[in-house]
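Written below as structure tokens is the structure these notes are about.
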Amino acid sequence: MTRHLFLEAAGVKAIPGRPALLGMPLDVTSTYRRGSADAPSAIRVSSDSIESYSPFLDRDLLDAPFADLGDVFVESSSLEETLAAIREMTALVMTASAFPLCLGGEHTIALPVVEALNEVHPDLIVVHADAHTDLREHYEGNPINHATVMRRIAEIVGPDRLIQLGIRSGTKEEFAWMRRHATILQWGPAAERDLLRRIGDRPVYLSFDLDVLDPVCFPGTGNPEPGGWFYADVERLLFALDRVHLVAADVVELNPRVDPSEVSTITAARIVRELLLILGNRP
Amino acid sequence: MTRHLFLEAAGVKAIPGRPALLGMPLDVTSTYRRGSADAPSAIRVSSDSIESYSPFLDRDLLDAPFADLGDVFVESSSLEETLAAIREMTALVMTASAFPLCLGGEHTIALPVVEALNEVHPDLIVVHADAHTDLREHYEGNPINHATVMRRIAEIVGPDRLIQLGIRSGTKEEFAWMRRHATILQWGPAAERDLLRRIGDRPVYLSFDLDVLDPVCFPGTGNPEPGGWFYADVERLLFALDRVHLVAADVVELNPRVDPSEVSTITAARIVRELLLILGNRP
Amino acid sequence: MTRHLFLEAAGVKAIPGRPALLGMPLDVTSTYRRGSADAPSAIRVSSDSIESYSPFLDRDLLDAPFADLGDVFVESSSLEETLAAIREMTALVMTASAFPLCLGGEHTIALPVVEALNEVHPDLIVVHADAHTDLREHYEGNPINHATVMRRIAEIVGPDRLIQLGIRSGTKEEFAWMRRHATILQWGPAAERDLLRRIGDRPVYLSFDLDVLDPVCFPGTGNPEPGGWFYADVERLLFALDRVHLVAADVVELNPRVDPSEVSTITAARIVRELLLILGNRP
Amino acid sequence: MTRHLFLEAAGVKAIPGRPALLGMPLDVTSTYRRGSADAPSAIRVSSDSIESYSPFLDRDLLDAPFADLGDVFVESSSLEETLAAIREMTALVMTASAFPLCLGGEHTIALPVVEALNEVHPDLIVVHADAHTDLREHYEGNPINHATVMRRIAEIVGPDRLIQLGIRSGTKEEFAWMRRHATILQWGPAAERDLLRRIGDRPVYLSFDLDVLDPVCFPGTGNPEPGGWFYADVERLLFALDRVHLVAADVVELNPRVDPSEVSTITAARIVRELLLILGNRP
Amino acid sequence: MTRHLFLEAAGVKAIPGRPALLGMPLDVTSTYRRGSADAPSAIRVSSDSIESYSPFLDRDLLDAPFADLGDVFVESSSLEETLAAIREMTALVMTASAFPLCLGGEHTIALPVVEALNEVHPDLIVVHADAHTDLREHYEGNPINHATVMRRIAEIVGPDRLIQLGIRSGTKEEFAWMRRHATILQWGPAAERDLLRRIGDRPVYLSFDLDVLDPVCFPGTGNPEPGGWFYADVERLLFALDRVHLVAADVVELNPRVDPSEVSTITAARIVRELLLILGNRP
Amino acid sequence: MTRHLFLEAAGVKAIPGRPALLGMPLDVTSTYRRGSADAPSAIRVSSDSIESYSPFLDRDLLDAPFADLGDVFVESSSLEETLAAIREMTALVMTASAFPLCLGGEHTIALPVVEALNEVHPDLIVVHADAHTDLREHYEGNPINHATVMRRIAEIVGPDRLIQLGIRSGTKEEFAWMRRHATILQWGPAAERDLLRRIGDRPVYLSFDLDVLDPVCFPGTGNPEPGGWFYADVERLLFALDRVHLVAADVVELNPRVDPSEVSTITAARIVRELLLILGNRP
């Protein structure tokens, strides 16, 4: 009987100095097409149809031990309790000196993860790749959801420790906020340099909303926005992150239900493989 | 109860100096996959899932009044009568000093629109973005349909007032005609300059067949042609048009039935938003 | 009654000095989504929705005679017999001084084709465009299948007569083999020059696995790999091949079942049209 | 007897609504290689070796009347008096409803020009193209010279009305100032759009230090800095300026003595021709 | 004693099927800086400081026999006689089945060369690379000189057999003529394709005015025009010409006197080496 | 009295963990224009006309201590003794845990430097940027000179530890050697990635022959070769080197005599400043 690549390659206990996969199938605040709760298991299953070797990084997952800690339990009746569980789980992984790689679920999961990280890394840089600003003060009356998550995170780390990439949709107020705080970084051909200069030697958290990709590349998401990234843009980001002190990451907002071709899920699995190899390459 | 963005933002009466949306759900001459008659309503519904603010133009639809005049009645038994109705409606809008933004329907609707415009603007430039030449002398025995519409328009304005962009499919004779009349303009990185030079100070009509986009970006159309535009190419065109005297536009050939992912419809709605903001920016 | 363009334009007997279409609906070794056996007939049917004229090459299929010899019979119970039939058929076409254009089916069909070609052209260059290395020593215990086919071909022509383009997935060992034998050629903006320099005056076989295209452009294939070619990359390859002594080609791994939009099949039909025009342009 | 193109084409009295050339041969604060005082006459002489027609703008200087008002008198013993003379002369030209095009001389001349312009255009945008920041608080004990001129100008118009392009040399403090006030705009392929967005409908003054060009293109200047612009970058700027409300410009820091090949002077003359055609194209 | 590479490698008698160097030190119609008469000998001397091997073409001059027939005698008192001598000499070389490579001298020499070629190749395509149009009807009262030479050539071969590249300076009338006859071809990244498509199978004459290069790359010429080609643009042209039926070429308007650094002369020598290797590669 | 920036900023004794400038004014094997012996002092003098702050690296030389150890004594009568002195001096600097930055002089000086480095770093990678192969077996009868230096170095470290960039001139045999040993790396837009992948974690020596730059950018060198690098290419290399374990570097073959404009010397001084900041940034 064949099991999936990620499961086969992974251990079930966090390994010091190595990445740890954590599923976070939260999907309660979405306003449009639901389905991101299915993402962690879909990514794990799809890992079978990709190779363990990454020609891009020239490393093999089979040579790079990591743990798969399964999914955080989502208490559907209480967002608050679920966020607390995620925060606690993230803290535990870090106590074990492992690097959390969180599979959403909706983007909201990034908030408790950053809360936990910020305790340990008070100079943490948050790199946020997304089509949407996610910077609203409130959204439909609530302060905590996928449309406000980066605003809440900015309140924790400060706008000067937030770097936003790929943003192309939001309200006039959100864009004004981004310009005032200069959080946006244009993702052109030499942008890696600017990113690395801004990061310097500080620890980095990557919050990767898959809808930063063009719907052309990645139809499997709830709020498609034309004019986005192609896979080559992701590769340039991954390459830059391989040169900094990346301490944790999330990959969120895959909705496997709306892309029956499975290309979106395979793409997500491949990005997860690259991040496992990058997180596992710290000396 | 929520209504769609375009309807909520729009008035129902043409406003002098402002754009006016006009649905034209004509779909009678199509030879391949039918469905473009559903486009006007699909675009209006999809306007809900996009923001009113355009970061690209840095303007907000909520600050830019426009009218939505509903759909022109399509008399399915008589193409001639429908074209006359479109011509008349377009003329009325112009009499009100408003700028028509016509939602197809098939490309044939551009003919009566140009007839009406040409009365008022005898030096009108027609900018035609399309995958196909649409320049046949006749098609399946008929002189007026989606495959001949630009030939008919060229007879009205003259080939020297026609600029064609994105064309990549047609007969040998059609391509020979385009070369002879030099109507084609290569859409490369600095092509905006050539376009603006050719237009000068003259009034412009944009006839935008959505299949100019690569099927990759825009599967929701009847005759997909590989090798087409990406959204960045559309943005360069929009940016150039924001610098000329645009007096009217059409957006045609969306077939919402063949793209169940809705990405095509969302892309069309976004292009319509940008054109509303451009038409509404005339001083 | 309308028949498809390729059938209408084609003769049923190989014409000396002209291309001959050969369907090879083999689909027995695939490990993942089956369906490539349907490709030859799907491509022929889809040829109806494309023009006979290629603006890219400025030539018309109606002026360029070719033959369509139908499909090689696939003996499903015996891979060996089917491969022998393909080898024989290819040899026959060459005896008639015609240029075989083989429509897969799975990639395995390239092996007997190259065996036949190599008899006649002992200095044959094999240009291999693919997302995958296809260079395994064995795959699931078998020496001959879609994952080993290029290794077998390399054993026939030698690694120095193999040029690989677009490869982005494989095992560590396969990539090490490619680096050791320097078979890979980076497909950047000026890569045509390197390709033409490497080929020189020698006869060329193109083995074109359609999954070299990004899944974005070409979802209709069994093993989609993000980060691939766009249609413009194909055009640069076609343009280069129009300048060398191309003696045969295959187009393989279309799976029409997994792309209901038909865009993949139309793209494949268009590539076949261009190759017919290129093979038919030898002086 | 032949006279130079600029002189032949020009009238000697400011023409309402047309550009007026003004030489400003100031060269007293330069610290390194002197010679910019010779620039106005060198540019006039070199105008002979260029055509009156600009293919880039598709306009001819012979169809675009302008004035050449000769040189402002430079009182070498008193910088203060010379600056006052420049300020007064600029004001006079504007009183005549003409558009000043000032030929330096050293960059310091931009200060009195902006002082005069700012009286008339209180929302003036200053576009500053230069290799150097020119933003020191003091330089060698003096508050007014070529190294402080933009700091003084920023004090007049405010940093939010200053846009800086091409800057690649300065002190740590100057770069920190530019980042804090976000005056810098990266000059990449789509930067015209950002520039036009920032300018909006406001009147523009261009202060063009020729050393923004790479020393490769333009060796004839006092402080060459590698890594600069090529002529194509200048063309993109000129094209953008042709679309805004340009009310005046300067072209400074040509030192004809250090480029015996005359290429620098010819390049300067050509930029002046383009600016005359742009300033003369206001409706 | 060392002799120069070109002389050492060359024979002194035209070899059938091989290139033949012909110096044409004409410099009588120049209006600005004289000196192009020195070019043939300067290029020969400079050939010493370049290698005989071209990595770009992967061929070695030592393996590619050619002749150096010395210089055509220039009768300075009679332009007419000199042009007749050039015409005759060119005809003689072609009678010997050799390929003339003509070293100017001023551009005027191209006229008698084309006259001779056109006798033998009535479908000759003239590819003209230059900064200047060279299309005046008359220049300073004379019908034959460096400013009219392409107009005269167009009268011989017809405008439809003239392709112009790199042009960026001329009168309004000359540019109008080029647009009317569509002789210009934009030299962008994929322009080789357009060039090869336009040429097809017809024989080609290259008339290469070195001032098509940016003065940055090539200061050693009489009329420098900013905004020109870099060496990479030349390489793309050479690469395209290596794929067509090139029957002759000229390289004109080097003025070694105005570039004491010798970079211009070395660049010219290198272009001559590449053209010798291309002309010598015809099968 | 002003002294030059490098001297003012530098100490005269090697500082552990910091760079140490070493002049190596050797110029005995040059075959063409002599003058590189003047380079070390010319670079030091020119350091006055550049800023101490690098916007590219966002670091200031005044915050980054380094030593300037003056020039190695060149015994002109004996190449062997001079090379021994260089080897010894380099070894001494490394004994002091400092990072040597060697200013040529001719390229030959790289040989003793690598000999000394290789003792301490047995896995040293040599990154060689140059227009020329420098790979001859012998040159004019001698085994050790500027044309053979990289062949000798390859014999020490092995071809698999040599990476060559920018090479565009050499003999057929040298290019064959480079292809056989795959030492060349194409320096395109994403080449930094390939470079960093090849280097991995190993210590790096940069041998930077300034003629890798296009003669356009850098006329001040003995053997100008068209078609070279622009300053942006250097920046991409510097940026990559800032991410590896750089242990030493040389900057060679400036000939200040042949570029009276001083642009070459200023460019060299700026590259030296960047390398001082990179070598001084090791944690």
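In order of appearance the chains are A, B, C, D, E and F, and numbering begins at 1 in each one.
To be clear about the criterion, a residue touches a chain if its C-beta (ideal position, glycine included) is under 8 Å from a C-beta of that chain, and two chains touch if they have at least 3 such contacts.
Since this is a predicted model, take the numbers as computed values, not measurements.
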Inter-copy rotation, chain A to chain C, in degrees (Cα atoms; steps of 5): 120
Farthest chain from chain B, comparing Cα centres? F
Hey, which chain ends up farthest from chain E, C-alpha centres compared? A
Distance-wise, how many Å sit between the C-alpha centres of chain C and chain E, to the nearest whole number? 42
Distance between chain centroids, defined by C-alpha means - chain A, chain E (Å): 59
So, what's the distance in Å between the C-alpha centres of chain F and chain C? 48
Where chain B touches two or more other chains simultaneously, the residues are 58, 216
May I ask you to sort the chain touch graph into line, ring, star, complete or other? other
So which chains end up touching which? A-B, A-C, A-D, A-F, B-C, B-D, B-E, C-E, C-F, D-E, D-F, E-F
In the complex, the residues of chain B that touch chain A are 49-53, 55-56, 58, 60, 216-217, 230-232, 235, 261-263, 266-267, 270
For chain E, which residues are in contact with chain D within the complex? 32, 167-172, 175, 214-216, 219, 223-227, 258-259
In the complex formed with chain C, which residues of chain E make contact? 58, 189, 193, 196-197, 201, 236, 239, 243, 283
Chain C partner, complex, touching residues on chain F are 182, 186, 188
